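One structure follows; several queries about it will come next.
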């Protein structure tokens, strides 16, 4: 029996309503408890900020696409004669890579920032064992992954035929087979079209051959998600990502959620999570008259409570873009002519990878940077607007502290604007220069742990409420006396004073000191077997797949330390 | 007829070699599958080589005796092929053009009739190269 | 300019990585401090002083420091890596990565250099009096930004991948070259005074190759457009000008299509 | 009662077929029958239950003979030599599951050595090309369900991947390809009239070593410069190039499968590099993908596992503790052997004795040589220590990666010979022993 108490810190936990009050947090056997005995180990957090472990709702940290990115970019490790990252080995294994870090670096670097959970944003079901192998080799972090459904042939047919129960049964079966947590949709219909070299750029473009539209796909999946009552909502990367003028398509996509209410036992209120909203909030007709559409999109988001979003902030780094949106990556490669990888996955999905440099001396990159911050600053309910960089698409996750700095400090935003070659054009095409809002630590706690945890239906695990896992971040920030130098804010969020994982100190003074067990979270839907769906599955496997059905579902021995989120459907 | 001829050599997989390898590298099947050179009939004629007689193959990095055949997968004149394995690797140049991969395909060898020379076994060739061969 | 002379006293068993032998690292240090700089042989971290004895004196700045390397350093790599100024003279054959990622200064090798000479170089000058091997002035694996500036002159011959993904600067090979010259280049100049086996300018977007000898196997992607006179390396010659790689994508500047050029001496 | 095990993976080639049926004896020790498998795969399963399997490590004696020793002794000997060596090299993994490859990464990170896999002499140049130019590819099911044009360039599946054409490419009937072979056009580009060329609609008999020029010619046609082509490129007539280019442009979905005809000839990586460029060009007018015909059933595995572990797929230099380095040509096995850059060699799940050019074998043999492999092979017969292990896919399961990077979960079908360890267990014991020795200050 181990006991621990964190004393005198300024505690920010929106789930339990703590808004920076001085409070003690008690931990017993890895869980948050009301109190502990006087034998408990004491961590003095006086003058420090205490939050639950960070929760990343959307990042690409494990699996085939991420790994092909690592494989195809030796120069991401060794850049102009320098080993990037510059981290001396502190854990069991070395840490490699900048924009697409090794699994080991991923675990260590998140822990150093006070994060203890990540949600891998796109798992191709056929390749699920790969994702789980990487989870095994990612230290410390609890992880989950969302299988992609937006271009899945089974779903297409069930939705087209309006077979809600069959669609739901198939989704439940696939979550079980892949040990996935929820429903991800990427460029619905567009990636299937890309298998013929085509795309769907609006929600009404028909998908070749399948006689269905993106709008129907998304609506069908939302319906199935709420029918099942999954912990998370449908998590969407909509059509027409990354193109000027797409804010209209984004609002069209968001409108598909209108009239639907969340139905679940996990405290989740939204029915649609729109990820990396920055990439979907573009106005203008071309890159020449490109401008921010953040205001229009956020006006919609602010007034519709059944939607959550994450930002996808551009960090102005050389990074690696990777998405299941195959046609987008091809298009991007036609613009920058750097190397291009593409992987179309039979019956299910696709993906593309292109290295990209967000250069502060390029006007468009500056505007993209401004749009992301505007989304955060326009937000009225920060529980519904989460910090991400769509790692590694808009920048590596290791830049979260920098994003926090920009959101918390107008001075920091101005300093970055001042380094831009086309500062005036960036200002003219966005509203960033006029925004004086500065977020506080409570806001940041909402955007980086409480909000994402709630949206994922996991706030009973990832918060400081009684019974939650004792995953805790302690930052060197005096909530009453925030430093006037914004760089110190970034530094404090980069390396915690302490990170605790299930009550074990894993980071102390920014150094990895322990690597306790971690979990793979997945959603187990208990429902009667659906004979029709099982028949359909068997038929597709015998005719179209190249892997046998019996070898498709991830074997239990290949799922690392599984922890099921269970729910029953009659 | 010439005494010897420079040919362009390649070495690749063959299903016979694959089967034999799984039976074992010291097996007769492996010996039979891999200790042969396939070349164009015209080159054989010019060299005065009879089918299924032995020839000596020399390259910049070594030499080996193998049995000459035409083979089912025809080489054009000037091209020859020894199946991937111990015999081919006696002559494959280890140079890699700074890629790590040796020059398995496309290197000059001279081929000459050696009807009286004996073929060596895989073990004799490899153990012999490192001073471990103790003889039969 | 001050000079540090380093003379080999013992050979490594394997290869020694002399990444610290640069004017930048030596400048402002005493001989004892220089001798204490690390060098790797596999996983063993040695001191430079374990293999060399040092004489002379380092300058205050890199620009003020010259390093003379004596002895058989064929089993030593990475001399002059990332150097920004000053001078290195190696009085013998040496190994890989000489002048890799260098941004300024000058390196002279009185013998041969191995592969990856001047890899991703940005500025400065390298002179090899003997031969070089493969990847002269090329990019590091996967990088689309190869050599971007400076001059590499090899008096002897060179192997494959000369100026791969080059974007600027000049490479002069006075002898023959093997294959792949300016592959994937988006700028820069390569002058080969001998013969080339082939594959000059494949996948090239932009750049200039001057070939004084023969190209044994020319690429089909290049097309002759003119005969021109050009001054190259201090003298003027007549060349046939070929443009390409017509199979590769092309960029435009002020409405005009930019081609890569091969100038083949008549 | 004999037991039938279905959905078994075949541990031979990169097809990694997972539909094998194996009938096993009552006691789980013998394989009685193998179905749905090529001739080569059959031999692997036969060998797995051979009574002649090596069951104990063997150490070479001063007189040249081999003597049985215990696993503990073998593990200790290997651990001590790894720690002592300045730059040990572990190479192989052609027949190791991913769990074993991950354990090997741990071993060599602790040892501070070099880690390389068979790709280094096989599809390593394909990695170099992917580094430089990317990889527009797909899973094999996409080919089966959609492809109407198939190109085999410098690859000969009839011999190296016996079920490739029937399971994935030419013959199967898929969702959009219900007519199978009848509606597919097959193009083979090879200097030999191979058995694969024999089933093709077009065979371009290219002059060996000049693939780059022919790719360049195809790209010329795609970019609209077909008229500028000379009458013949790389031994192939202009008319034939134009005709085949037209077929490529008009494909609904095409795939280029390339093999060692490209990776082993002059230019190596650039032959694949330009093939990738051609694939990209073709996507402007059609839909095309490209795929390396990886040789072994899990030789894709080490590239995958080590990329997530270190960021590089092969030719790893782990000597520096804080970071990994990679540069083939310097850190590649054959180059290091020829330059005498390493001072210990572990051959695992492959046979460098048979498959390296013999001068490289001679160089490596100057130093301690350990072979970890279930079988007697050329490497085992010249090593100082031979440690037998289980055969993946026969007496141990695990994850393997098919040539298209699809993970396949392999099953164990029989019990291993008593006492024989699998790769993962053995390697982790070597790693543990090294950590023990380091902690005790004996290293």
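A, B, C and D label the chains in the order they appear, each numbered from 1.
The rule is short, and it goes like this: contacts are C-beta pairs under 8 Å (C-beta built on N, C-alpha and C of every residue); 3 or more make two chains touch, one makes a residue touch a chain.
Just so we're clear, the structure is a prediction, and the values are computed from it rather than from any experiment.
Student: Would you mind telling me which chain pair, B-C or A-C, is linked by more contacting C-beta pairs?
Tutor: A-C
Student: So which chain ends up closest to the centre of the protein, judged by Cα positions averaged per chain?
Tutor: It is chain D that sits nearest the middle.
Student: Most remote chain relative to chain B, going by C-alpha centroids?
Tutor: A
Student: What's the distance between the Cα centroids of chain A and chain B, rounded to whole Å?
Tutor: It comes to 56 Å between the two C-alpha centres.
Student: At what distance in angstrom does the C-alpha mean of chain C lie from that of chain B?
Tutor: 39
Student: Distance between chain A and chain C based on Cα centroids, please, to the nearest Å.
Tutor: 44
Student: What is the distance, in whole Å, between the centres of chain A and chain D, each centre taken as the mean of its C-alpha atoms?
Tutor: 34
Student: Using the touch rule from the top of the page, what residues of chain B touch 2 or more other chains?
Tutor: 97-98
Student: Multi-chain contacts only, two chains or more: what residues does chain A have there?
Tutor: Residue numbers touching two or more other chains: 72-76, 78, 339.
Student: Where does chain C touch two or more other chains at once, residue-wise?
Tutor: Touching at least two other chains: 115-116, 134-135, 140-142, 144, 160.
Student: So in the complex, which bits of chain A are touching chain D?
Tutor: Contact set of chain A toward chain D: 62, 64, 66-68, 70-78, 83, 87-89, 93-94, 96-97, 100-104, 126-130, 133-134, 137, 153, 195-197, 209, 330, 333, 339-347, 350, 353-354, 543-548, 550-551, 554-555, 558.
Student: What residues on chain C touch chain D, complex-wise?
Tutor: It is residues 13-15, 40-44, 96, 115-116, 134-135, 140-142, 144, 160, 165, 179-180, 183-184, 198-199, 202-203, 217, 219-221, 223, 245-248 of chain C that touch chain D.
Student: Can you check the complex and tell me which residues of chain B touch chain C?
Tutor: So the residues of chain B in touch with chain C come to 97-98.
Student: List the residues on chain C that touch chain A in their complex, please.
Tutor: Going through chain C, the ones touching chain A are 81-82, 100-101, 120, 140-145, 249.
Student: So in the complex, which bits of chain D are touching chain C?
Tutor: Against chain C, the touching part of chain D is residues 85-87, 111-113, 128, 131-132, 210, 212-213, 216-220, 222-223, 225, 228-230, 233, 266-267, 270, 273-274, 277, 281, 319-321, 326-330, 339-343.
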